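Following are the structures in question.
In the two complexes below, subunit A is the common chain; its partner is subunit B in one and subunit C in the other.
== the complex of A and B ==
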């Protein structure tokens, strides 16, 4: 009984980690529901944005895990409609961003979100290598990760002839700066 | 011959939109006895009033009917206007064309016809109106304040500071009330005793205030400005004139295990006791129900032996005194509902399930734990505490249907005080809604949640049971689709409902004031007369009207004090003379009253007494009823009941009412019969 209390006391509470990393206080939320009411993706989400905050408020481990396993955190577009309308000024997109990172760290990513994650990774690969978005590289990376090899292939010729797909990547001048940014971010990630 | 003036008001569109006012004025001009008839857009406006005044002079009117809104709105306006034009104000009457006609009917010829008939009825009445003079009654400029809590204290001080005498009576041995039991107060968290005790001392020292503690009201007779209060001074068994409050008697008293009312039953007291250290007066009384001297025929007597002043007086008796007062402020406060009706919460079964008031005592520096939060069962500091709001409130099935208003705030305060004293502890609150309307209140609750990390869970607790020395509190989080929540608590605090005091029904009856279905005293009007009662001269202050927090109680008490001071600002009171009277005539009958005195038993104001008519030699001729004009409110109950029609009422006489009814029998109504 006694030991259990210590374990309980030492367990990192997710809402506290959110506060440390994003400076966003989840306890500010009083569950008015305005964020969910305005969210353009609410119909697709498995957990409504206000419910995600409520679940984190309770500090119940089971509910915290449910949040990290949810599809909703991956569907969030960070359009910031919720944040701009929140009466308590809670930066929900910022919190969602942290929850996505935490979900990856704990290996709890929702199976349906694997493609979204693949897209994120391919996008970052492109930026790391060229400093810019290299469309063909992004598409290739995404298709390799997801094995959706023939998806949207029919639109490729039209895009190519309209000049939307460059065969060779254009590069930024100061690639060292890009490198520094990525190194710094990865260092911070390791310290978490 | 009567010369009546009829003035029809359009009230903008209110009457004019539905009733053809011009036609009503034309018809009214033809009624017998009507000398002048006119319609106007706003009769209550200055030009409208001037029309009435000019017409009275020009047409030598002997009576006026204003057909407009309810007399409750503008009767005083028009009566004042006619008296300025030189005729008696009671010769002006109002026909209610708005509330009784235009607002409740559609635009139609029959609506205009009804308006004409309403005017006709009033014309017939005014023809028979008599000039009347207002009744004048003297005022005793002493106020009686019932209850020495914060509301009573505030009212007493405000009245006394405006230069009038105050008698304050308090049933317990000290003034201070519930506020003296509180630890800290929301939303500022200042110490309750620190802000209250200076006021208590001020009451005791004020030259205009006479304080009777350990006293109860046993009866109130009379009427506004002239009440007689009977007060029972319970025997204190100690002569307070001699006692110096040294406390030797308390130290030696062998009966030490009496549950302490001041500590809400969490501590014990002796049979001779002072309720709390800052009590006013700070002199003990002997609780005769528990003292061995009184329960076992004179055994013990230790206190008398140790008292160096010889102040102990076992022979004291309850004494009843009568005091004349002009006004009464009722400030008797409220009580906390027990939770025995909630067996699922286990109050009484589990020592560590306590009420909010008990938590106040635990958190108070003058309490049984000297301000440390220790649970009653084993004195351990609870590491996990649960507060349950609405424990009895908003529960029509088992508790009370109303919201007790103060619990949301004091629960937030309790959770905060706990977190301030037990930093590592966990505090959870189960609530249904958070009602924090008030200056800085919402911010206070948010502070508990955001800064002090109090875990608020929306949902009602289903039950509490004991398991392995923990209290298991079972509920759901309704904000999470009824996610089950089970908390292993060390202590549970129930925010029990605020209810009316025991015996408040009897008190209301002895004061002749109304009370609601929950036995709280009723105000005269929920919005516009919140401090007056239906009985003139009796005001309300504080939680005896409904559960209230300290700022509301104090505000209402000051309001009541102003009402009393306004009453005392005049040497005489005037009131409408629309009261009943028993007729008188010459010998040999003297009065048609046969002396059955049925009227005496039905009069709700106790205004009717027996009068003996005697001849010159003092021999009794006849016993008849007599109505006290100071007490009669003109309700007419006696008039309806009088078998010999000997009672009549000024302004609503039989002849007037019959004339009104007869006026309605015209050709059209007879056709319909």
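== the complex of A and C ==
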């Protein structure tokens, strides 16, 4: 029993990790619910934004895990509505950024967030390789990751004919610099 | 000739070419030269800040550092998402000396992060608006819903916009073009931005709410200043129409395209043939509804 107490005392509490990495204090939230009232995606979320903060306040490991496994943290658009209306100035989008990164680190990403994560990863692949966003490369990478091969076949031809789709990527000259930024930033993130 | 540092961003080279074309065309009319920061890179957008904080600061920081090395003190950023990322990097690097040191080491560039980003709306207010009225050749007969979306007005602490729930900057611009700005409720609601590909139906739903509110109040067209707002309301119109009783056919134009039209510039020069929802000049011949729902004095005061 005694040992278990020590283990419990040493367990990193998620809200403390949030504070360490984002400087945001989850305990400031007094559950007014404005964040959830203004959230454009509230009706698609499995846990409401104010509930996420409440669950983290409790420090209960099961609830922390539930938050990291939620779809809600991936649906957050970072539209900043919650933050701009929060009476306690809690930067919820910034906390969501941290929760997503932590969810990846602990391998708890919600299966329904597969497409969203695939899009982000394909986007960053394009930037890593060319220094810019290459739209055809992004969509190709996304389709391979999700196997949604037929998605957007109806808009792509119009995009092309309207001159909105470049067949060849526009690239940064100093690609070594971009490669270095990615390598160093990824190393930093792993050490958290 | 005024010279201003310019960061077009990836969308303006691809899916939102017409924003770039119209911005350059209008600037030329006012004898302003926009000079692209040499070898700029992607800001990282939503993807980077969703997944990796250091990366989300370092990517835009490289562009800020290059602009500084090229002798500029501020930089025009037309995309709202790029603007938000560049401004966040600017702020974080200026308040956190340790972070600046770390980013300098990552970029291997010595810089002080003193190049401040500004938006197309700031640009118009400062450089275009004072001389706009005298240059308008073809006043626009339209009721325009000025749509801001999220990142041009939020978070208010970052972007320093006072009326972030009910901004009126674009309203005052379209008024000078001869158009009537619409008073409506969804001007700062989110279009779904980064979920456009991964959850297209969600984006369709959010856009349908925006279209519905503006159109039910009598809007004949939209003015935007963000490539993602434009592409979601335009390219994803089919997905939005699914949620509407009546199909919406109001075109979505960049504020720079509207200015160009009022100056009498050519439709093609402004890239107006590139939109998904077709734009025809006849739209200005149609009568516009005089009374609107929820008419407020605030818009009249602009």
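Keep in mind that, in the parts below, the second predicted complex is superposed on the first by the 192 of 192 C-alpha atoms of A that agree within 3 Å, B and C clash if a C-alpha of one lies under 4 Å from a C-alpha of the other, contacts with A are read in each partner's own complex, and residues count from 1 in each chain.
Here, contacts are C-beta pairs under 8 Å (C-beta built on N, C-alpha and C of every residue); 3 or more make two chains touch, one makes a residue touch a chain.
Since we're looking at a predicted model, the values are computed, not measured.
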{"item": "Touched partner set for A:132, first subunit B, second subunit C, both or neither", "value": "second"}
{"item": "Which of subunit B and subunit C A:111 touches, first, second, both or neither", "value": "neither"}
{"item": "Subunit B versus subunit C as contact partner of A:186, first or second or both or neither", "value": "second"}
{"item": "First (subunit B), second (subunit C), both or neither touched by A:58", "value": "first"}
{"item": "Superposition-derived comparison: subunit B or subunit C, residues of subunit A touched", "value": "C"}
{"item": "Partner chain(s) touched by A:12 [first = subunit B, second = subunit C, both, neither]", "value": "neither"}
{"item": "Which superposed partner A:30 touches (first subunit B, second subunit C, both, neither)", "value": "first"}
{"item": "Contact residues of subunit A, present in both the subunit B and the subunit C interface", "value": "none"}
{"item": "Contacting residues of subunit C [partner subunit A, same complex]", "value": "10-11, 13-17, 39-42, 44-56, 58-59, 62, 102, 105-108, 149-151, 154-156, 164-165, 188-190, 192-195, 197-200, 202, 206, 235, 238, 273-276"}
{"item": "Residue numbers on subunit A that touch subunit C, as the complex places them", "value": "21, 40-41, 44, 75, 77-81, 83-84, 91, 97-98, 100-101, 104, 115-116, 118-121, 123-124, 127, 131-133, 135, 139, 142, 151-152, 154-155, 158-159, 162-166, 170, 172-174, 177-178, 180-182, 184-186, 188-189"}
{"item": "Residues of subunit A that touch subunit B when the two form their complex", "value": "25, 27-28, 30-31, 51, 54-55, 57-60, 63"}
{"item": "Contact set on subunit B toward subunit A in their complex", "value": "446, 449-450, 453, 455, 457-458, 477, 479-481, 483, 485"}
